[in-house]
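One chain, subunit A, appears in both complexes that follow, with subunit B as partner in the first and subunit C in the second.
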Partner chain A sequence: MYKRKAIFLLLISFLLTGCWDKVEIEDRAHINAVGIDKYSSSAEDDKVADIDEQTKEAKEAKDTERNKYTFTFSFPDETKKEGADITIATVGDALYSVSRIMADRTNKEIFLGHLRTVIIDVDVAKDSKSFREILDGIENNELLSRRVVLAMTDDSAGDIIKVKPTMQPRVGQFIAELFRRRDRTPRAPSGSVGDILKDLHETGNALIPRITAGKTDVKVAGAGIISDYQFKGWLGEIETALLMLLKGETRILGGMRVDYKGYSIPIDMRPKKPKMSLIDDESNMKILIEIEAEADVKQTYFESKEDMLKAEVIKEVEELANREIKKRTEETIHKIQKEFGVDVIGVDRFLRQRHYSLWKSLEKDWRDIFPNIDIEVKMDVKIRRIGLIR
Partner chain B sequence: MQDNNDIIPIGQMIFILMIAMVGAGILTLPRDLAEIVPYDHWIVLLAGGLVAIVGALIHGAIIRLKPRKQYFEILCDALTKPIAYIVGLTYVLYLVGFIGLLTRIFGEVIKVYLLTNTPLEVITISILAAAIYSARKGIEVLGRMMQFGFPSVVTTIVFIFALSFTRSDFANLLPVFEITPAEILKGTPTTILSFIGIEMILFFGVHLEQPKKATKAYIAVVAILLFYMLIVTATLAQFGPIQVKSLLWPTLDLFDTIELPGLFIENIQVVVMSLWVLTIFSTTAPMFLAATVMTESLTGSKDHAYLAAPFLPLVYLVSIIPENISKTYEIMNIYTRYVASAMIFVVPLIVLISLVIQKKLRREEKVNV
Partner chain C sequence: MSLWEKLFGKKNENQNIKLQETKVDKNLDKNLESIKNMLVDCDDIVYREFKIGTDESYRATLIYIDGMADKDLLNDYVLKNSMVSSRITPPNEKFIKKELSNILKDKTLTITEMKEVETIEQGVLDILSGDTVLILDNYEKLIIIASKGWDGRSISQPETESVIRGPREGFVESLRVNTALVRRRIRDHKLKLKGYKIGKRSQSDVCVMYIEDIVNQDALKELNKRLMAIDIDAIIDSGYIEQLIEDNWRSPFPQIQITERPDVASAALYEGKITIIVDNSPFVLIVPSTLNAMMQSAEDYYERWGIATFIRILRYIGAVISLYAPALYIAITSFHPQMLPSKLSMSIAANRAGVPFPSVIEAIIMEITLEILREAGIRLPGPIGATIGIVGGLVVGQAAVEAGIVGPIMVIIVAITAISSFAIPSYSMAIGLRLLRFLLIIISAILGLYGIMLGTIVILIHLCSLKSFGVPYLSPYTAYITQHTDLKDTFFKAPLPSMHNRDTTANKNQSKRMQDLRDEDFNKEE
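== the complex of A and B ==
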């Protein structure tokens, strides 16, 4: 009988594998947003987030080797019903170690499994070494999902984490939802860390959405260009939208305007995936990007003289739209080629996938070749609908 | 229908083989492929699959030639008794080694993703205990379990993979048909790991209801090949061949990218992990059974049930030998490249040739008489 009991107890210990890892849900701090700033010792520096709950350590930290970054975490406060977030900041040298060190000062276990948003300060990204440290910290963490939104800011990342949006009290979720919305304009690239990491692995270049803080909200618009794991510069909102159009990463392009006989006519565009092709011009390589799009005219002019039901009027508006968008995309391409010299358009990927042998011969010098190739855009906008008024 | 007669139809055998093959290889297959060639991974996989099909046909042919015989007896017939003892013992060691490495990888993955505080020993011993329990019960129970479990596992996995396609870019699979025959030859051995388990039919052939149908085992390889194609395509389409190289377990990362419509489950990995526990269990369980059956014939004992448990410490010992995860994979690679290839392809081929020659000789004798 005694023996049986012993075996039974032994068996139970195996059946309960996993109890080692049991944590009560209220003992965990479910971080939903992390802000990462470059640490600077001068407290007057307005870059340091001004956080009410700023912790002892963040205040007293010395500018040593170990204190490289200021991390700002935000997690829900379970004791309050109205979904208030707690924000705390601390200094450290890596996301992982900080989330461990925090255990000394909080009564909760820092848990990153529900993290939605990571905001990094542009200063972190300017230094390729620290940027790569942070990126690996994100990629290597088994709890962090590849759907986490990664955005970059000119302000302090801590300030953004501190924002309390009125619409959704959890800032991490708020920002993540901004990116998930289906009707989002393409003014910022997809912030999913999986996409960014993929681009960086393949070419060392990527686009990271730009985020700016308001008082009770944040704005996601524009993009930071990363070249060789390093921040290169900002791309404006419209430029980003046009770049997204070129890359085929948008299904909707609202807010385009055409000047037609003195009126400004807004049109709503639904572009198809663009077609890239290589035209080998003996001396100079030429890339042709063809974009087809359907569009609706959303507004004209009250009692206007132009009859939108006339085919030739539509034709003219189409022509104008084509010319306008073509011109602006080519300006954007020019800027990307000449000013940044970073292939964020994806010509390298296109060549690797479709013209492998040519790519093999260009791969090494691509950085020097890219700014000098010809990229031509061909727009084909078709206006389908004109609203309710002719 | 008679109960507990240890006879299974070929259908159940195919299920056992299929799920025995989907083992640890599934985790690393896309990375292994991406490392050998920069493009056309599916062609390399296809080549590996064809080799495995040939292997399955060899195994099937052996069973057909010597129906209702234990693999050890077949070995005796083909290679003479002393050599058969050596080969048989090597098989046992091979199986023990493979199960050991497999459980180690299993433990590491579970520890990273699921049970960070649980000691590795407890994780490995729990899965081994379950596998031994089922090995004690014999082939019939195993066959029915696989027949019952396999469809549900596969439907769920395929469904989850289908979800991942919503966000992938198939241009990542380009360029195609750039590969040279030399590269295919170089890459094929790497894919063999993914098909380990096909040799199980040799050990279980004696239990087949109709040994004549044994060659049908190739169906299992074809099915698994298709399944792997799906996995490799999904993973590469999602991450692109360059990024896959840097991911330790790309297949698991794939599930990380999935966004379920409506988000009714946030982390689909929980589902995947539980499926994976089941898969590893059903890979180790037949191997355990094979090892015990082989030992049974080697020692000439009547019952295999009590032979199962002594394997636990042996397997456990193997599983703790590698110092770390990179060492584990290093050993695993050498193991599959040389040991597994020899045990799955070379030995059965020799056996088959010997059996065929013997048969011919006998026929000639008959003619002469």
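== the complex of A and C ==
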């Protein structure tokens, strides 16, 4: 009798704790991208969302808490081999609860385990309260991996989700793959939710990549600056690239040019991790950022007299490159300091790690101090590869 | 008493039926009478009555079974010698009267093996075993002439354990041939053979072999006890013995290793194990046995260590796949698709879009089909077997996918599972895993990966609790401290020169099996 009771209790404890959420794989809608927009009743192209508006209750509840956002989901249509996506949009107040609402409208179970991309409308990010809601919704969801791409857009997020890129018709996949190729271009910061959340937890500041919609593709370039869990402003493409250079998150920095004797020579750089150091002047705090980089010069001009085999030519070009990059990075720093006043360069992290006692005294007023400190950049470009020479 | 106990419970009846014993009489006719009484209506028994001596005054009878006794031997060396030679030799009348039996035994019968018994029952048993009984008048014993000689299968290549490199001999159905095959590999007087007759009616010969000074004594005692406790009417094959002496009959895992190869049997003897050879069965039992032993093949020891290690790891992978593959497929696709790469997940979803069954039903349909194919394959005549394999595997599989009954991934999973299960050298192990596979399929369909983990834990607990003749089933994996030297021959096989020690399960006094007397470098220049 005792044995039977024990077996019964064991069985109960096993069966009550199991995974009872069995849904066959083909009955799930594998959402690969979500766009989150602020809800506005005049969303014209939101035909599917209109269904909600047709019901009376929904109409009355339009501006209640429940309808704060418009979520646009995109998931693959398995019946078609070409990999076409289905997009549907709905209104709701949270990523989590919206899948329950969707249950009324889809024959499939919304499944976020394969979500690759989350696009946030900049209007959502401008409101600190709603932005933090969304961020927590992403962080808390156990199905979302830390590698989900988070990007911001000026356009409507729903529009981006509806883009069908010609190269890869699944937009979520496409955007995630763009970010995976980030090694090739530094014009956007890391979009992975893990990195962004880490930055936000540490300082409340972060860079979120910017995404813009085209007709048949999307472009990821530039960055939105988040300060205090709130959108502050956009950083341009080149500015982002230079900022990434300062932060040491670039492997290849292309698109730099130097004017050498009337010709413009493109330079590709492979920078090392920059060294940051503190030079404490009596008057003002000064931060020195030293960047070493190897560079490729793959093009000068045809039949040139000054070919790259000459040491002095190389020296001169290196010098020009140093000057050019230094100038432009310092401009960027200036813009970040004066216009946004947000320390996205990582000086705060550096001070906390290396000069903790100093940081302790500055921590409280860092927001006021940062725009006024001196940041100097020292470039050291070495041209290593010059391509083939006749 | 529950139904379980009624069906499977122990019934210790303890009824020792003592065999009736009839002493051999002086009178030949009386003896003949009682033997004939016992063997009434046995038409294959041959009674050959003849007379010995110049004046034909001494009667004798040969009794044997037609077909089991070697007639040439009886003709040339028994009948000829006693009938013809005894007439040519001038007999000493006085002498011969008293000592006829001794003359026959010591001088006349030119045969190698003979003995005397004193009871009729024993004599009859010997007749039934294929020996010949010689009854003499005025003699109170039966002379047994070893004349077993019947046609048996010749030694051929073992089918269940074929190897590329290694001997091609396999055990046959005849006990003495089998013991000789082992003996040929162990020229050591310490190799002992102990005979048992098991089976009340079959009286099958069972032979226990061990090397006296390296055998695991506890296991030997235990084995003796268990063999003596068997009280069954007949032993048809060594499988009967296996099932009657194994530690846990409820377990799906075989606790006794079987082999068809004399080299495997003798290697086991050298490791301090015991082999049990049963007459009429080419499968020899090896005890004690462990999971580790089930995953080894003879060839591991003949090939160099690197490749042997690699192949062993492959086998373990094969075992894991054959146990888990369908269960994992079900658990991941129906409960945790986030574990798959996105593209794979979507392609599985696309493939499954038209399949009308849930994945668990799909898996069970395919597994059952496969098991049927496998079972049918055994009985199909040789040349058709291969055809059915192709028709069953390829055509049915392909057609099932095209008909939309199962998804293509499921076909792959089932095929991989089937192939992997053949990577396990021990057939009984492989079929044990086959059963557990179904269990895991069902539990994974109910509880997902959590269920697979529970199932694995239950299987591991069970494996840890298993013992084979006192040796833990999972040793040496589970006993690192006391048996770490045995780990040299588990997942990986150490190079032969470094395997100095015998298994720790063998007799502790004989732990050394090799001394390394080689030069450091064979090519060293002097």
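Some observations on this one:
The working rule: the second predicted complex is superposed on the first by the 349 of 390 C-alpha atoms of A that agree within 3 Å, B and C clash if a C-alpha of one lies under 4 Å from a C-alpha of the other, contacts with A are read in each partner's own complex, and residues count from 1 in each chain.
Convention: contacts are C-beta pairs under 8 Å (C-beta built on N, C-alpha and C of every residue); 3 or more make two chains touch, one makes a residue touch a chain.
Quick caveat, the model's predicted, so the values are computed rather than measured.
When both complexes are overlaid on chain A, the residue A:Leu309 reaches neither subunit B nor subunit C. Of the two partner chains placed around the shared chain by superposition, subunit C is the only one that A:Glu78 touches, whereas subunit B remains out of contact. By the document's definition of touching, neither partner reaches A:Ile279: not subunit B, not subunit C.
Look at A:Phe111: by the touch rule set out above, it reaches subunit C but stays clear of subunit B. Of the two partner chains placed around the shared chain by superposition, subunit C is the only one that A:His30 touches, whereas subunit B remains out of contact. Look at A:Ile389: by the touch rule set out above, it reaches neither subunit B nor subunit C. When the two complexes are overlaid on their common chain A, residue A:Asp21 makes contact with subunit B and with subunit C alike. Using the contact criterion defined above for the overlaid structures, shared-chain residue A:Leu197 touches subunit B, although it does not reach subunit C. Of the residues of subunit A, those at positions 14, 17-18, 21, 113-114, 145 touch subunit B in one of the two structures and subunit C in the other. Remark: subunit C residues 333-338, 342-343, 345-346, 348-350, 352-353, 355, 358-359, 445-451, 454 touch subunit A in the complex.
Considering their complex, residues 14-15, 17-19, 21-26, 28, 30, 32, 76, 78-79, 81, 111, 113-114, 116, 143, 145, 173 of subunit A touch subunit C. Subunit A contributes residues 13-14, 17-18, 20-21, 113-114, 142, 145-147, 194, 197-198, 201-202, 349, 352-354, 356-357 to its touches with subunit B in the complex. Those residues of subunit B whose C-beta lies close enough to touch subunit A in the complex are 39, 112-119, 122-123, 125-126, 129, 171-172, 174-175, 178, 239-240, 242-243, 246, 253, 256-257, 259, 266-267.
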